[in-house]
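The same chain A turns up in both complexes below, where it pairs with chain B and then with chain C.
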Partner chain A sequence: MPRMKRFYSVLGWIAIIYMAALFLYPLANVLTTSLNDNGSFSLEQYAKVFSSDVYMKVLGRTMWIAAVSTVISIVLGYALAYFIATRRPGSQGLWLMLIISPMFMSLTVRLYGWMIVLSNEGPVAAASKLLHFSQEVSLLFSNFSVIVGIVHYVLPFVVLNIYTSLKKLNPAVLEASMMLGASGARTFWHITFPLSLPGVFAGGSIAFALAANTFLVPVMLGGPKTNLLSNMAYNATVTIGNFGLGSALSIVLLIIVVIVLVLFGILERRGHHA
Partner chain B sequence: MRAGGRRKYTTKAILSIILASVLMIAGCGDSKSSEGSGNGSESSGKSELVVTSFGGKYDEVFKKYVVEPFEAANPGVKVTLAPYTGVAKLAQGGGEQIDVVQLDDFDLIEAGNKQLLQPLKKEAFTQWDNLYPQAFLNGSDNETYGLTNVFGSWGIAYNPDKVDKPESWNDLWAPEVQGKVALMSQWIPDILLTAKAVNATEDNMDPVWEAFKAITPSVAQYYSSFSAPESLFGTGEITMAAWFDGRAIALKEAGQSVDFVIPKEGGVLIRSGLGVLKSSKNQELAQKLIDFSLTPEAQKGFAEELFYGPTNETVELEAELQKKVVYGKESLDQLLAPDWNSLLSKREDWLTKWTEATMQ
Partner chain C sequence: MRSGLKAVGYVIIALLLLFILAPMLVILPVSFGSSGMFQFPPSGFSIDRYSALFADDRIMSSIWLSLTIALVSTLIAVLVGVLAAVGIVRGGMPFKGMLESFFLGPLIVPLVTTGIGFLIIFVPMGIVGSPVSIALAHSVVICPYVVRIATATLRQLDPALEEAAIVHGAKEGYAFRTVVLPQLVPAMISGGMLALLVSIDEYTVTSFLIQANTITLPIRIYQLVSLDINPVVTALAGLTVILSFIVIFVLEKKFVIHKYLEM
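Take a look at the complex of A and B:
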């Protein structure tokens, strides 16, 4: 046993070195770039980010779009996960496969599909024209299309997390609740749902982090009013060539996402004790 | 129970880390060995030339008219096309494996000014004297860092079924096209034409940013890739766009109802060219390849298949094609060729201002 333990701790150190070299080092690099002004320490880039209406507006929009997408993903994801978890055990794998299968394809291709679906000549617009709602329906390049894209992107992660925690539920607890006379709805809200909360929080955290950092979705489905902070960071770094500003924007986004995730974690622990 | 579960999880995590590191090490090994063989084969008269390109149809045409004739004329040399690599990446050492870069004019000039490119000299090029003066991309030190192989003009593309033929750049602001306009994101030619349309000077660009503020609610998309308007016109999402002739005419020839016009304020000359990286170990071959891209045969191919204008004065095009592409000294001189060496210093400020004006 001690030998086994040593084996694992060696592997653990390798993992830490791996993380440090490929994750922490680049991250530290971004941080120093954001604080560097021609070789000396400076908070200028951060001052620029926080004093400008534009960046604050985009930051607010990023958080808003990420939050809305997260909520929608959790609701949809919960319904899907619950549906799958209550299928016959033999067919659950197939359902999960269906949920994950879009991830085998490049996100660019999938978003291109959404561009067609949501465009002026797509099925949604055609149906609306048929029902004489409106002649010109374009859902593209709006907050709506961006949220649709983000939900599409993060949904599998949410489903998997919630599904896992639903599967961990002890069926005996549910049986006991039913036998003691609770209705199906009561059992769900008082037993199933609280016990599946860890999965909801985990899925929600991943969804929020991915949504707040998404870059491709606004580029493809968004218009000028839907640029998010990561797009601004990209533009600042790659098109304009202002590495300092791009890094500062990235760090601000990172810190805010971390704060939100920590809050989520606190909520989750509260949920455990309740 | 719990501990068991956790251990299982750790084992899995460790296994995946091992797998990832093995893959990574394998990846490193691979790139090293290919580098090694590249160096080794050079001494035996064989070598590989890595050229970045833009992808899509451009690659096909470039292969057909430049790479294949070049390889046929230089037995033992293999040309490999690599993905587009911008100046930001090159400046960070991303050009180590690359010999020749294909970039927009301003990027080549900037890369030259950053000492990333080798100055090109007349003696190495058979086509040098046949090129239009606009084809030379000179840095602030007056060295030539890139040679243009294709010209284009930046103007307005529109759907003739939906809107009247635009005359002025200001027509993009017209109420008839509200919500149906696309402009390019962070694109100096759009900024220059807007400056002309609102009579702004480079000393006072405020009217330009006001104009962008005004048009933004009407813009369907500020697109980031040259190909984006193709699908936007295709699905009827837009009826007018700032775009360039080559792509617009190719789309028209493919049967889409779209046409291209240069507004009365003028068009901006769009240039794409080639440069040799300073770090390349195949300087001579690299310059030879560029020379091949400048031959009348290659340039005719680009005009016929992609509707890009030739940069070589001796190219003869059919009368029909002459009207579609930038052709001849006269039509070339009507286009505004931006003075990038003075603009590049303003670029960061302008693009930041542009971003701020269009974020609402």
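Take a look at the complex of A and C:
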């Protein structure tokens, strides 16, 4: 049907034009702003980023916190996804919705909830007082609280990815393994886990991208010493008014995230072929 | 031995569920308490904070602003997202794979990068801080959610139906409106609801564009929690938790939304 196909192409082009004007064009502007010094091409902003101890430290911390949060989210997410996938088919949807329900809830509100949980008047502090840990526990405004917030933020996405890949497993393969005498653990480590790796990598890549890009979590749960790259880019742009520096910082973040996503994508494809 | 292992498994899952629900579980009691806004368990019971909430003009204006922006940006995102989906799935465009990644791009590009981009192009236009600028920015950020759900739905539809309409003499637009669009309605509602929720909660990009008279809801909540330390926010947070659970329940019951979310 060439007539219908042409009609759909026209509709598609309208959408492309909209996104080109309001997504690609601003993005191109960030890039040119980061490469511009008084009207001429210059790598000065990038040189500033990579030669500054402050920015390199923040860059390192961003990668470190994103990596730790990703690993924790994959471990917890796998346990939860496996739990859901082994429920009766009729109740899996309900368990899934309960476990990913935070996704539908305002992140600002959830982070406020974490501020209560981790504050020195909160339940964690009260419990540790009951257990006679004498000194005041202050969990807020630290790397710890930022990681807790990030894990809570990205966990639903990880669960969704791993659950989807677990659900795609052919039950006949698992039955065959069990019938041929393999134990439950052996079947899991030799069949289920390897076959679910694409979901693990897909979930891991989303988790890393969201964690590395996070802006709000350090704003609410972090202190002045736990700023991440996004916060630095915001401060440079809005607080200091240095658009070139802010743009360069945000482009560095973009490039790192894309590289990590590509690496995860390669792993995911390998998993599919294995 | 086996049942012992199973019990350990259930304890772990219970602890994980506690972790997932913890922030919501503490907010509700605190919002009905009368003690400090970071104190748990709270002491006393009162609904004062809820009545103060509805009397607070600043919060109410933020709620209306966020709802208006969310509605406008969602309408744009659903329109653009559906057009993009039919172009990608059924159109004759080149580089379809890349095109699909392009429309999902706002999910991958750091929100600060997107935010700086909007700031750069909106400053010379003189619209920074206006609700229009925030709504346009949101429409881009939330569009991928509609694109994802609409392309997935469209791939499962049978193109023979609209071909039959064309063969019987229907014009392209008519065939699209009467045959394809009705089948896309559930995807538009699910994607639109998701997009609406993301817009209402959007913080990062918005924080580049706000001005004193256009403080959206999440930014108001942040200010009340971290700067003003105003206990009224506990009622706002409590209300959000309750409303969110109702929305999730309705979305699941009416549209089985988890089917659309599986990746």
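The definition used in the following text is that the second predicted complex is superposed on the first by the 250 of 274 C-alpha atoms of A that agree within 3 Å, B and C clash if a C-alpha of one lies under 4 Å from a C-alpha of the other, contacts with A are read in each partner's own complex, and residues count from 1 in each chain.
The rule is simple: a contact is a pair of C-beta atoms (placed from the backbone, for glycine too) under 8 Å apart; a residue touches a chain by one contact, two chains touch by 3 or more.
Keep in mind it's a predicted model, so treat the numbers as computed, not measured.
K.L.:
Taking the superposition on A as described, I'd like to know which of chain B and chain C A:Ile240 touches: first, second, both or neither.
P.N.:
Touch status of A:Ile240: first partner only.
K.L.:
For A:Gly122, using the defined touch cut-off, is the partner it touches chain B, chain C, both, or neither? Pick first, second, both or neither.
P.N.:
After superposition on chain A, A:Gly122 lies in contact with both partners, chain B and chain C.
K.L.:
Who does A:Lys57 touch here: chain B (first), chain C (second), both, or neither?
P.N.:
A:Lys57: touches chain B, not chain C.
K.L.:
Of the two partner chains, chain B (first) and chain C (second), which one does A:Thr108 touch, if any: first, second, both, or neither?
P.N.:
The second partner, chain C, only.
K.L.:
With both complexes superposed on chain A, which partner does A:Met97 reach: first (chain B), second (chain C), both or neither?
P.N.:
Only chain C is touched by A:Met97; chain B is not.
K.L.:
Between chain B and chain C, whom does A:Phe141 touch in the aligned arrangement: first, second, both, or neither?
P.N.:
Touch status of A:Phe141: first partner only.
K.L.:
After the superposition on A, what does A:Val219 contact: first (chain B), second (chain C), both or neither?
P.N.:
The answer is both, since A:Val219 touches chain B and chain C.
K.L.:
Specify the partner with more touching residues on chain A, choosing between chain B and chain C.
P.N.:
The partner with more contacted residues on chain A is C.
K.L.:
Between chain B (first) and chain C (second), which, if any, makes contact with A:Pro194: first, second, both or neither?
P.N.:
Neither partner.
K.L.:
Could you tell me if A:Tyr18 is touching chain B, chain C, both of them or neither one (first, second, both, neither)?
P.N.:
Once the two structures are laid over each other on A, A:Tyr18 reaches both partners.
K.L.:
What residues on chain A does chain C touch that chain B touches too?
P.N.:
Common to the two interfaces on chain A: residues 8, 11-12, 14-15, 18, 115-116, 119, 121-122, 219, 237-238.
K.L.:
Would you tell me which residues of chain C are touching chain A in their complex?
P.N.:
It comes out as residues 9, 12-13, 16-17, 19-27, 30, 36-41, 80-81, 83-84, 86-88, 90-93, 99, 102-103, 105-106, 108-121, 136-137, 139-140, 143, 159, 162-163, 166, 172-173, 175-176, 197, 200-201, 203-204, 207-208, 217-218, 221-222, 225-226, 233, 236-237, 240-241, 244-245, 247-248, 251-252, 256-259, 261-263.
K.L.:
Under the definition above, what is the set of chain A residues touching chain C in their complex?
P.N.:
1-9, 11-16, 18-19, 22-27, 29-30, 33, 76, 79-80, 83, 93-94, 96-102, 104-117, 119, 121-123, 126, 152, 155, 160-161, 163-164, 167, 202, 209, 212-213, 215-216, 219-220, 230, 233-234, 237-238, 243, 246-247, 250-251, 253-254, 257-258, 261
K.L.:
List the residues on chain A that touch chain B in their complex, please.
P.N.:
8, 11-12, 14-15, 18, 52, 54, 57-58, 115-116, 119-122, 138, 140-141, 219, 222-225, 227, 232, 235-242, 245
K.L.:
In the complex formed with chain A, which residues of chain B make contact?
P.N.:
10, 13-14, 17-18, 20-21, 86-88, 179, 185-186, 216-217, 219-222, 224, 231, 235-237, 347-348, 351-352, 355-356, 358-360
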